[in-house]
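Have a look at these structures, which come just after this line.
Here chain A shows up in two complexes: once beside chain B, once beside chain C.
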Partner chain A sequence: MELVVFSLLNGVLYGLLLFMLSSGLTLIFSMMGVLNFAHASLFMLGAYLAYQIGRYTGFWPGLVLAPLIVGLLGAAIERWGLRTVHRFGHVAELLFTFGLALLIEEVVQLIWGRAPVPYTVPSSLDFAAFTLFGTTYPAYKVFMVLISIGMFGLLGLVLTKTRIGLIIQAALTHPDMVAALGHNVPRVFMLVFGVGSALAGLAGVIGGFALVTSPTMARTLGPIVFVVIVVGGLGSLTGAFVASLLIGIVQTFAVAIDFSLIDLLARFGVTVTRADTFYDLWRIKLAQLAPVLPYFMLVLMLIMRPRGLMGTRET
Partner chain B sequence: MPIIRRALLGVALTLAALPAAAQDSIKIGYIDPLSGAFANVGELGVHHFQFAMDRINAKGGVLGKKLELVPLDSKANPQDTQIALKKVIDDGIRFVLQGNGSNVAHAIVDTLSKHNEREPAKAVLFLNYAAVDPALTNDKCSFWHFRFDADADMKMEALTNYMAKQQGIKKVYLINQDYSFGKAVAAAAQAMMKQKRADVQIVGDELHPLGKVQDFSPYVAKIKASGADSVITGNWGNDLSLLVKAAKDAGLNVDWYTYYAGGLSTPAAIGQAGKDRVKQITEWHSNVEAAALDEELDAYKKKYNEDFYFLRTRNLMEMLVKAFEQAKSADPVKVGIALEGMKHQTPTGEVYMRADNHQLIQPLFVSTMSAGMKRDVENTGLGFKTDGRIEAKDTETPTTCKMKRPSA
Partner chain C sequence: MSEVALKTRAARTRAPVWLRAAVPWALAVLIILALPQLMTTSFGRTLLIEMGIAIVFAVAYNMLLGETGMLSFGHAIYFGLGGYAAVHVLRFIAAGLLLPVALLPLVGGLGGLVFGLLFGYLSTRRAGTAFAMITLGLMELVVALALIFDHLFGGEEGISGNRTSGPELFGITFGSQLHVYYLVAVWMLVSLALMRAFTRTPVGRLCNAVRDNPERVQFLGYDPSRIRLIAFAGSSFFAGVAGGLFAVNYELMAINSLGAERSALVLLMAYIGGIGSFLGPILGAVLVTFLQVALSDYTQAWLLYLGLFFVLVTLFAPNGLIGLVLMHGPIARAGLLHRLAAAYALALVPALLLAAGLIALVEINYRLAIRPELGPAMKLFGVAFDAKSATAWIVSFLLVGAGLLGLRAVAPRVAARWGETLEVARA
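The block that comes next holds the complex of A and B.
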């Protein structure tokens, strides 16, 4: 029972961290159709900026300033980079953002060095928020949950209930019509890319101290973010939210289960010993596979249901 | 006269055009990751060796020549290492340093063993400062390989000897990275704990993928559920930092027995979470009583703005210089023979190079991250405090090495 509660709670916490990381990407992808490989790099930039600003002003101004700077940078990238490249199609866009990711990584290494920076949990969030069966949960994780749910709620409301949201949605499917109605479609796209980047930056501010702020963080987190949006459904915010939670919970539960094929075979009266061929394969426990499960889900999803859990289109 | 002068000038120019460096310097190759995820680790090694060589050169070098470091990128994989080795051989470099990745070390040993047999006149000697797979000085031992770090089994032997004396330890949990080194650590810990303290229970033996886990809280929940009081882990880098951080968040009170908590950016990432909890087994740490080193540690930090970490790079270079002088030559075979059985005084005591398997025998230290130490690590305010010193002779382990020596 305890284990189930723990796994569920840890799974939800991890899932919300994933959603925080991927919400900006979902926004950009669903509204602009741009698969932004540099998303995790912008996330990394957010973490480094928050660390740098935090050294002078403390954590809280950094929480506001870092996403703002990353957002502006994102808008600039759209205005002077992506908009030009867009004309040459999706492959060009993909290559552009891929190059951008490499560029950002190199720049970060030049400025902050190759070793991780000591970006630690701010003292105002560094205390145990609550205790469950003798296990403490730190305040920063609660804060992270609030930010993550806040992002989800706000984005959902803005996109579906406000005028600007309607224009954004319309601009995706009927850009010419929206432009004919007097709206500046390129500016709408710039805004979307800027906001998406700012969300990545905000996730970085929190993810930076929850994880390790180093130049390799973009590369280690990049793949999992893509898993979230593919499983969730390309272009669905709710889908990404559900997928994040699902991945978080599945992975966490899997870690808790020490069950291998040997145990399964044992139920049918077959015993496997060290001498058997493929012993190493049989003895792999589910727990060992846990961190690989999300990628397994990605492959399965692409085979069974390419548009994802709640996707609206197949591209 | 002008003709003679011109002729002399011509001769001088020809001489200058010859590889002058080869005449007044001894080149030493360095093959480690200089790009990619482990670039910071490779860079740290370059700094250490450059620092040691600069000091030797400042005192006049060796055999009347200067030492010259030639860094090459292994990209942390055996394939690219072969390319780097090819360059070493083509450039006539006769000594090569490496440390990161036992798989890379194996590749170097294999290639050099073949090359040196084929072309004895161009033989290359391999000095290993950190690859700790025990096989390198056992089944796979080679005359051309010398190791200056204690291997994984020697460290585990020392660590478990220390742990066996801690009566408070009742339940131990093993968590390691799922690859050759992590598995070796787990296997050694299982066997040695059972032998030394039969009453201690191993309550978990976990392997997780290398460098893929972002959230260690489910693992921590398992450790907690097992009731363990101590954890043994060979984890390094982010896999160690994130694990200890997650444990601190969950309020898990265990002692961490580690191999690599003391450097490579891990102390900075662990921070206060490691205080009084994180222990390591190493050949040295910055608070080991060794007044002789004070000036050097400060000079290093001033030059590279990072902590001096590998004492073994210093030992290695000093012993190499001594071997050059004893052999009165920079010939790898003669230098190798001079290194065999060599005794050397280091700041931590006397060390010696075993002749039978080319493993350096040196004192080891178990230490804990503590507050209020003279020297802290990575600006954390915490430094390592010695809990126990294991004398050199007590770290020696039996070897299965049957070494084939060159006939020369």
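The block that comes next holds the complex of A and C.
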């Protein structure tokens, strides 16, 4: 029971973190048709900037400043990069952001070195929030959940209740009509790209101390985020949300379960020795498989429902 | 002279089609035969072998990206799995299997083909962005599984074999590097010829059609996803051939040969060279392999430079380097290239300033962040300076700024000059 509750809590937390990344990505994708390969790199940049700012001013200013800087950077990427590449087509856009991802990883190594930086939980959040089954739950995780839920609430309100939100929604489906009504659609695109990047940066700020802040974090998290949006269905925010939580919870549970086929066979009185041909297969622990599970889900989804959970577009 | 007369004269002076097609191939064979005599050092020949393998891989990759319009982020798994198949068969050969080592690339190709069909069946149902994401996920899956099955994949150390253990055929033992060179050369030429021929078949043409207008292909009664699968399988086969050649050359396959880095590298090779033409990926493979070997001796930051170069290519030269060269075709035929020389020379000055400034910034940062143990005293472009001094930073930034401003000022002039010359050439 204790295992189930804590795995569920951590899984939801991880899922929310994934959704912070995949929501920005989905928003940008459904609006501009561009899949920003550098999205996870912006997440990483957010973590590094928060670490750097935190060294001078403490954690809290970094929480605001780092996403702002990443958002401005994202807007600049859209303005001077993507807009130029746009006329060469979607493949060229994807390749451009792929190149950016390579570049950001190298630049991060250039500035902060190849080893992880000591970006740790700020002391103001480093206490136990509550105790369950005799085990304490750290406050920073509660903080992460609050931040991400607060962010989604705010985003939802802006998208549905404000004027600019309505324009964005309209530009998602009818960009030409919105432009004909006198709105500056390229600027709306730039804004969305900037806000999406800022979301990635914010996820980096709160994800940086929960994960390890190292130059490889973009490369490890990036593919999982892409799996999330394919499994959820490209361009569907709801799908991305469901897939984020699903993958977060499944992966967290798998990590917590230390069980292999050898154990299963032993229940039935079969013992497997090292000499067995398929020993490698039998001895795999479920926990070992945890990093592979998202990709298995991707393959399963492709076999059963190629357009994803809630996808509508058949590309 | 009338138009008809002009046409008949042109037809008379031109050689027959088959001869014109054969000339580049004959030239290529001659160059390939001559190169190892020109580059006699072991280093030089290693470089040539690596280039040959990279060429096969890059052209195979372009069957997907250039010909069929499918962007794969994980094509190294077919290269790597083909190589693993080859190295395992090499071990069987050492244990007594009667198979000439020279046929190992075929084993690699078949390995690539099997996995290409398997994963291709899953991924080619989608196209475009979704396809690209799926290839990325499949690559992560394969790499993670390969790390788990270390009996088969040997983990980080890899699986090794011995290429001299095979039955001897016509005195070819693969004990010498030159034997490996010729093996790579022969397989490269055969693969290139086959891949070139594939683009001329009806299926090859359909691949182009699927790239350009899949809906229309569907209206014509073909299944685009089936055609994508055929292109994918073919591309995986030749990627596997390259992997087999790699296995023979290094006698070792490790996990890193099927991971993200090699996948990214082949993408960079094909795109930098130019995906729109058959020669582009060849040029890209030669250039990137050379840079990889030459630059990694001088600087730790070669990947950064390569990434920067790639981003510049995506921004300003979507047809790659070969596209830039081909752009000058009409002007060169009119004999007007010299008219551009002055404009290009003018543009070169700020470009060099910018490059020098960027290189200085990168190298200073690398020294301070990655190699602090070497101390701040360093030398660049023959100038000795202190990496921690403010002057070094200010000078670098001034160079970058001057270069950027200069380029902005010069660019319209170069473009105008280019337009003028093209007009004259066409007239």
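Please note the rule applied: the second predicted complex is superposed on the first by the 285 of 315 C-alpha atoms of A that agree within 3 Å, B and C clash if a C-alpha of one lies under 4 Å from a C-alpha of the other, contacts with A are read in each partner's own complex, and residues count from 1 in each chain.
In the analysis below, a contact is a pair of C-beta atoms (placed from the backbone, for glycine too) under 8 Å apart; a residue touches a chain by one contact, two chains touch by 3 or more.
All of these numbers come straight from a predicted model, not from anything done at the bench.
Visitor: Using the superposition on chain A described above, determine whether A:Ala256 touches chain B (first), chain C (second), both, or neither.
Guide: In the superposed model, A:Ala256 contacts chain B only, not chain C.
Visitor: If we overlay the two complexes on their shared chain A, which of chain B and chain C does A:Pro306 touch? Say first, second, both or neither.
Guide: Second partner only, chain C.
Visitor: Can A:Phe296 be said to touch chain B (first), chain C (second), both, or neither?
Guide: A:Phe296 contacts chain C only, not chain B.
Visitor: Touch check for A:Leu35: first (chain B), second (chain C), both, or neither?
Guide: second
Visitor: After superposition on the shared chain, which partner residues are touched by A:Ile229: those of chain B (first), chain C (second), both, or neither?
Guide: second
Visitor: Figure out whether A:Leu95 sits in contact with chain B (first) or chain C (second), or with both, or with neither.
Guide: In the superposition, A:Leu95 touches chain C alone.
Visitor: Figure out whether A:Val107 sits in contact with chain B (first) or chain C (second), or with both, or with neither.
Guide: second
Visitor: Tell me the contact category for A:Tyr137 with respect to chain B and chain C: first, second, both or neither.
Guide: first
Visitor: Where on chain A do the contacts with chain B and the contacts with chain C coincide?
Guide: Looking at chain A, the two contact sets intersect at 109, 113-114, 219, 288, 291-292.
Visitor: Under the touch definition given earlier, write down the residues of chain A that touch chain B in their complex.
Guide: Result: residues 2-3, 6-7, 10-11, 13-14, 17, 109, 113-118, 120, 128, 131, 134-138, 141, 211-212, 214, 216, 219-221, 224, 251-252, 255-256, 287-288, 290-292 of chain A touch chain B.
Visitor: Tell me, which parts of chain A touch chain C in their complex?
Guide: Counting only chain A, the residues touching chain C are 29, 33, 35, 81, 84-85, 88, 90-92, 94-96, 98-100, 102-103, 106-107, 109-114, 219, 223, 226-227, 229-230, 234, 279-281, 284, 288-289, 291-292, 294-296, 298-299, 302-303, 306, 315.
Visitor: Which positions of chain B touch chain A when the two form their complex?
Guide: 37, 39-40, 43, 178, 206-209, 211-215, 217-219, 221-222, 224-225, 238, 241-242, 249-252, 264-265, 268-269, 271-272, 306, 378-380
Visitor: Note which residues of chain C are touching chain A in the complex, please.
Guide: Answer in residue numbers: 65, 69, 71, 73, 122-123, 125-130, 132-134, 136-141, 144-145, 148-152, 260, 264, 267, 271, 301, 303-304, 306-308, 310-311, 314-316, 318, 362, 365-366, 369-370.
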